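Two complexes follow with chain A in common, the first pairing it with chain B and the second with chain C.
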Partner chain A sequence: MNDRYISKNLKLYELSNDGLKLSTHAQANFCRGELAKALRKGPYQVNVILGGYDAKVPTGGSLYVMDYLGSCAKVNYGAQGYASNFCLSIMDRDWEEGLTEEQAVKIVEHCIRELQMRFLINQSNFIIKVIDKDGLRTLKFGADPADN
Partner chain B sequence: MDFKKIFRMNDKLYVGLAGLATDVQTLDQLLRFRMGLYELREEREMSPQVFTNMLSNLLYEKRFGPYFAEPIIAGLDENEKPYLATMDLIGAISKTKDFVVAGTAEGNMYGMCETLWKPDMDEEELFETIAQALLASVDRDALSGWGGVVHIITKKGVITRELKGRQD
Partner chain C sequence: MARRYDSSTTTFSPEGRLHQVEYAIEAINNAGTSVGILAKDGVVMASERKITSGLLAPAKVSAASIFVSSAACVDNSTSYTNQLLIHSKTSEKIYKLCPHATCTVAGLTADANILIDQARLRAGRYAYQYQEPIPIENLVEHVCNYKQAYTQYGGLRPFGVAFLFAGYDETHGFQLYQSDPSGNYSGWKATVIGANNQAGKSLLKTEYGAKKNDGDEMKTDDPASEEVEMPDVAEALRLAVKVLNKTMDGAVASPEKLELFTMSLDEEGNCVHKILNAKESAAVIAEVEAETATSGDT
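Showing the complex of A and B:
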């Protein structure tokens, strides 16, 4: 519900402003603002991870992590939910400056394997999404080819 | 730096905001907005005294549903003299000549500052004093740490340094 509200409002901005697309930072700020506004009316019970690619940003990609209260932080890696307890520890250890896409995906796979071993919810299939200059791609991690 | 909570309003006015992260970020945006409007209308920079009163008013407007943030205002007044102020979450102003503190470790910081502060320190000595007071205070607080940021505001400019302390 929250995701459609955000994405449709971003589309509206595009339509209202002659095709101008908002940067990842601007989108994150918009989302934060909506979360903060809703906090004292009727909070969205949603934590957000927002990632995007901008040609203007030196590293290309940027990642923002927000909580349901409306705090926002730009991070190198992030996780939300119960899984974050496991994933953040893995990423704290494995992440370094200047990773290639292949290395980054390896880290995500490391997180997934850790969850499959230690997390109380048994989950065999995961969806990995990659965002780069060519847009969005989906990678899969799991046994079931029908799960897409 | 993990989480920015000190914001430059102008070269002679910095605001530190301690408390709920979302309100810290909202207040930063609101304050920049109000400063901007003031400067457009008045065609002059906002003095720290005016800023303090504005912030106090902003917070008291939310008296029965407050922003959970406690600000620290530090800068140079119109006569280039140091200006320090703090307030509670509903805008009760506290102006002091020596030091102001806020945050989960404020009790610890009161102790450190009371001991280490003396008048008429130069920039280098002030930086050392602040750094020691901050690091020692946060080390005794479970909720604070992972480093610090120190800004020294002088007539000539502002020098900013990041501190690295215990990472536990």
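Showing the complex of A and C:
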């Protein structure tokens, strides 16, 4: 539910401001603010990872990790949910400055394989999405075509 | 005929006019003139000070009249509000709204203070919500929507204020906006509000961006030379003083009568708001005097 509220509000901004889009940084702070507001009323039980492309950012991409308490951090890699227990240490080792898209996807695949081997719950299908100057793309990983 | 339909703001006249709004605009035409000019590297605003009594408490000048603030609008909040407070005590007409926007006022100062508060709140809340500086048009539109409400609901009179907003944002660079009591606003390269604004505007029409021809005037039919060339901040300042000379109409320009303001970027890309002190203003006024003396007519 939360994703709809946030994404539609971001769309509303665009419509009210002559097509101007908010930067990833602004979107993340908006989202974080909403999580924080709801915290002492009726908290959203949602953690968020927000990634986006901005021409103004030197490397183009930026990534923000937020949780239901309203914390927000700009990160090079992030994970939410049970996955974090497995994936953060993998990314700690594998991530370095200046990765290409191919190398980054390899790290994601490494994380997925580890989960499939070590995690209690069997998860065969994953959806990988890539965001760059040309927009959003879906890469697939997993058996079920319905997930693509 | 208008008498029956002019006491309530929320009533149209049979000719489809809102008389109260028009009367508010009239009130501004008696107020001290303000001119705003967009330069290629900044924005310049100049205002006529109506109150020039020697008994006025002296403005707190020197360090306080120059504010350097980050375009990111996010750094420590105490310096943000302190800068705003210092600002309002030094100037009769010019008010800083946020680190990257300033406005000048023509009309009822008391009304203006309410709207300036609204603008400052809006800029601050936007920065709080998005952690980014507010786009200038967004800010102007918010103030104007607030004004418009007083032309449609509540039976309260409109604000008797016109503003010139000068600001900088990343999307559109330097911008200049004008707004009036109706809640209408538009972006300008150069404009005048307040007393004698028509005379000021006609001067701007001929002089803004006109290429300086040393000698050979009527020469070119070349369409490229018809293009408006934006002045730099120094040129724009001189033009602003020229405009005020015209609108002040006989009164001798002096630093006590004028407030000169410039907005530009420093080397790090931060917005610099500067109200010129008496010495600097006198220098610009002298330059303009020298210019008009040598150029002969116009």
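By definition in this document, the second predicted complex is superposed on the first by the 145 of 148 C-alpha atoms of A that agree within 3 Å, B and C clash if a C-alpha of one lies under 4 Å from a C-alpha of the other, contacts with A are read in each partner's own complex, and residues count from 1 in each chain.
The criterion applied here is as follows: contacts are C-beta pairs under 8 Å (C-beta built on N, C-alpha and C of every residue); 3 or more make two chains touch, one makes a residue touch a chain.
What you see is a predicted model; the values in this text were computed from it and never measured.
A.B. asks: Touching A:56 in the superposition: chain B (first), chain C (second), both, neither?
C.D. replies: The answer is second: A:56 touches chain C but not chain B.
A.B. asks: Quick check for you: in the superposed arrangement, does A:4 touch first (chain B), second (chain C), both or neither?
C.D. replies: neither
A.B. asks: Touch check for A:30: first (chain B), second (chain C), both, or neither?
C.D. replies: second
A.B. asks: Can A:118 be said to touch chain B (first), chain C (second), both, or neither?
C.D. replies: In the superposed model, A:118 contacts neither chain B nor chain C.
A.B. asks: Touch test for A:20: chain B only (first), chain C only (second), both, or neither?
C.D. replies: second
A.B. asks: Spell out the part of chain C that touches chain A in their complex, as residue ranges.
C.D. replies: 128-132, 135, 137-138, 170-171
A.B. asks: Per the contact definition, I'd like the list of chain B residues that touch chain A in the complex.
C.D. replies: It comes out as residues 2-3, 20-22, 24-26, 65.
A.B. asks: Once bound in the complex, which stretches of chain A touch chain B?
C.D. replies: Residues 32, 35-36, 39-40, 67, 69-73 of chain A touch chain B in their complex.
A.B. asks: Tell me, which parts of chain A touch chain C in their complex?
C.D. replies: By the definition above, chain A touches chain C via 17-18, 20, 22-23, 25-26, 29-30, 33, 56.
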